[in-house]
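Two complexes, one shared chain (chain A), two partners (chain B, chain C).
Take a look at the complex of A and B:
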């Protein structure tokens, strides 16, 4: 913020968009997000973008839970699977897809609530293990023969086409636009959580739950709320992926999905719900993919798998060592450097 | 320290920007390549060869990479042999194969994204991998009409218009296993009893309804069913229950992959189940079993570990007096493989049948398009190899054959074929196989 400028009203002080550059940046950013496929709209890149969008929903949910509330979870993959299968089940039973997606999220929220209950008694590693149990229990249940009616069993579960009223969205770009819009709306809503009384309560729980309780924060309520938001976001992410690719199997979302989502949050920036989650997901999905394609392009064969893993591992290690606050912090530093160029704070 | 931190930060950003630029550059290049009809000939080729591009989706670093690497080796060996003009008439007809390999680490979303990359690269068919990717991609391949061969052999894929595989279905192989078990016990004057062990994953569950149906028909009692997960480190608990329910003379079906099959075998050895036989599905025991069991367990279990398969095992292939077998051994060993397996043989067969379809198409004067490749698969008639029974597809029914080999592991760890079971062709109906063959239908 330029020095010496202050606002007279809280509304202006708390606004996301304060300066003309924010408006310009938002306009250019949104235009770029929606229109880049028209310039380089290859189906492969579009599907990659949809993949990132769906996973960033789950990452944003986890960031609310972990980053804002301090409650760790390794069950996002299971909630994504539940969201995907529930939305397909709803859609095949006559619920319009655009309604089935959030509805599936709400139904899965109840499951999130259930698995959030141990958070009253458990913390840190113990909570991690209980959410890990949730991941494995849900995953195991979905795989059983008895659940074949819900998951497709020995088949993929096929999602009906994405429709908006009478319009069927069939092409990849159309699907991308719909999914992007849903993601943007959800992330915009989440962006406000951190600034609201809910966000302040969640942060109080994260920083010191006993102190939070003393000042009147209902710790259990807010912990459960965070679990519900987290499960909802993961479920909607899973549902979006289901309608984008139109087929999911019980192997689509696994324990490794949960790990990916957790890694995205850590790399993007813990507590940076929107930017951290998005950038982290871009990194976790985009970088290995980019390394893979770069090796293919460069004609590196034979050692490409080992090299890919080594490069990706080295990048993660570099982050953990030199920028533990994540990509958002790195970008903030770059922004500040550019803003003050050629001068610096130190 | 701050300087280092900044330098690393800048380096990371530069790397990310560079790889993204590389992707975008490659996208443009590939789009141009796909649009160009005539690809380049390999260096040193005496004539201008047209390239047939195939997408090879493999697991080289994921949970199924233990066998995924073998598939990659087999497929690449075959492509090299074709491009050297040693097998099929493709080179003579002016074509070479290019297999664009992508490791998807058995992550289904990655396979679904890789598929779009393949499409963009102009592949005319895909050599896919397992149950996860094959089931999830069924929608895409049917919509786009791209033939997809897989190493998932479930019967539920055989009525999908663009799915193909080269081995008898899991269900028909399991039927053969039930018949073998019946014969085994009857020859010894014992009541045939079968205990089922399987992992709780689609691939483990798929054959179960057919096994139960076949056992009922054949008069083989299913005395126990136990879940042994693919990641299990012991199966003593499950085997103890099986022993309690079934007694000592029992056949144990193993529905998992190599590591869980070995865990079950080791547990049976440790529990002293000396009269039980273990019979695994096609992805269970293989040539690596003895190494994993160790010499003592191998010696003790020799003659009691069986497996069903649709292809000859490596020991037999290596000793075959056949030009194609010699070629296979030559090209696979040339890749520096330490323990060749039957999986490599199956990969070779998969690639060979695909190449024969391409050859048939060219000989018929038809253009090489995905739709025509499907037509060739369905109309070229039986394809014979020295490694498997003839393979033939029919429109609407892509079951490749009904002959299953039964192998036994000897006390020295080698494998010998003990039986060939030919099951009758069942109608492709829900009642015949005991499971829903339609699922949600083909989109």
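Take a look at the complex of A and C:
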């Protein structure tokens, strides 16, 4: 930060974009995100990017709940499934897809609120178990025969094509652009909530709930709010995935999805809602794919899937041992090293 | 008229009677010392005032209203501020500025649409944040914390963490401030600093203060009235000079043999 330049208004001081380099960085970053497929637009890579985008929504939601508010949840997968099926159901009943996606999110928010209620009495691992119950109850409900009209039962539920007004977005790049836009808007909204008094109240609940209550934070209300935000984000992520692949089964989002999302948040960085969730999801989805490709290239066949899981598990372990604060912390350290170069300390 | 009043409070934990029929009142604009040996029930009484404990019997009044069943956060919003004995209660993973800005939550109005307003960061959402920031900066200036504004509270020394705690309570613009051992574990310099802040908050900002403290000299110097607790009972209440000479107080602090000797 340049020395000697000070802002005269708090609004400027609280802004995310303070210096020209921030604007330049944002412009380059956004251009890169939107335009890279034009240079290397393999369908496979685009599908991977869409996958990462949808999953990073759920991860960002969990990051608000776990990283900011300190309440653990293992139900993100179930909320994603609910979001996906609800949005398909809304869209098949005449709601335009772009409206069905946030609407499904809002509907699932009510379910998130319901499963957030135990947080009034339960903490930490006990709360984790109660959210695990949410995951399995919802998963079981979706698999029951009575819900076949909603989930497609043993078959896949097909989503109508993604339309914006009269335009139908059919090619993968178009879908990618639409989904990326929605994800960017949501992540920006989360970042804004994080720096408002609501974000501070959530952090207070995480750091010390008793003290928070006594200085004027309605702890239960903010816990519920965090559950609602996380359920909303997961549901929108699931809905985006539904419209991207256009066929969803009850197997699309399982307990393992929840674990993946939790791992993404832990690896990316707890409490770093935007960067942590994004980098974590890139890692959790990109690295196994990269390992798979590497084995393919090396000509390892037959045991490549098992080997991939082993290598990936070892990577996660190494990560938690050497950089428990996640990828964002690693990046911060690198940035700090560059800033101080050639000195190591200041 | 008392601004804060506890009326014959009975508080028990299992077989232990923490507060036995204790009444206490705080008048507008005064500093009341609350002293007593360890385990006398001072912190319990503060917890009854701030709503963390619910008494078995007795009522709590604030500005004439019965607030016995009000929740802690509601009391904070009414204007009962509180600091803590231990620094484990400050939010160590947040900066000083964030801590103080969070304290201002006691005085802002929270609306159901605030999530959306702050999510778009435009118009009313930002104005509210600017207002909160303004409050926080005033408090930071008052408490002389400017150079630590962007430091994480966990990285600051103990004395400063105590100061942050007071600043956080002050940001909520309390009418009554309950200070639970604000000087425990501080150096002489820091104690005098805190004493000065207490005087200033009382005289300049007009905040009524309940001061729990073990440094009796300081309490006697600062407070206009002193309440002495022992084993959950109020033994005496009155002007500092008369209280200190009271037989039971001397006995409580120094033991009965010494008291008889005097």
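The rule is short, and it goes like this: the second predicted complex is superposed on the first by the 336 of 346 C-alpha atoms of A that agree within 3 Å, B and C clash if a C-alpha of one lies under 4 Å from a C-alpha of the other, contacts with A are read in each partner's own complex, and residues count from 1 in each chain.
The rule is simple: a contact is a pair of C-beta atoms (placed from the backbone, for glycine too) under 8 Å apart; a residue touches a chain by one contact, two chains touch by 3 or more.
These numbers were taken from a predicted model, which means no experiment stands behind them.
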First (chain B), second (chain C), both or neither touched by A:47: first
Which of chain B and chain C A:153 touches, first, second, both or neither: first
First (chain B), second (chain C), both or neither touched by A:211: second
Contacts of A:192 with chain B and chain C, given as first, second, both or neither: second
Chain B versus chain C as contact partner of A:247, first or second or both or neither: first
Chain B versus chain C as contact partner of A:286, first or second or both or neither: first
Footprint of chain A on chain C - complex, ascending: 50-52, 71-73, 76-77, 81-82, 84, 88-94, 98, 101-106, 108, 110, 114-115, 118-121, 125-126, 128-130, 132-134, 137, 168-169, 172
Chain A to chain C touching residues, read off their complex: 9-11, 13-14, 189-190, 192-193, 195-201, 203-204, 206-208, 210-219, 225, 229, 271
Residue ranges of chain A in contact with chain B within the complex: 40, 42-48, 51, 92, 140, 143-145, 152-158, 172, 241, 245-252, 254, 256, 283, 286-287, 289-294, 296-298, 305, 309, 311, 315, 318-319, 321-323, 330, 333-334, 346
Residues of chain B touching chain A in the complex: 2, 4-6, 8-9, 11-13, 15-16, 18-20, 22-29, 31, 60-61, 100, 102-103, 106-109, 112-113, 116-117, 119-120, 131-132, 135-140, 154, 156, 200-202, 205-206, 208, 435-436, 439-441, 443
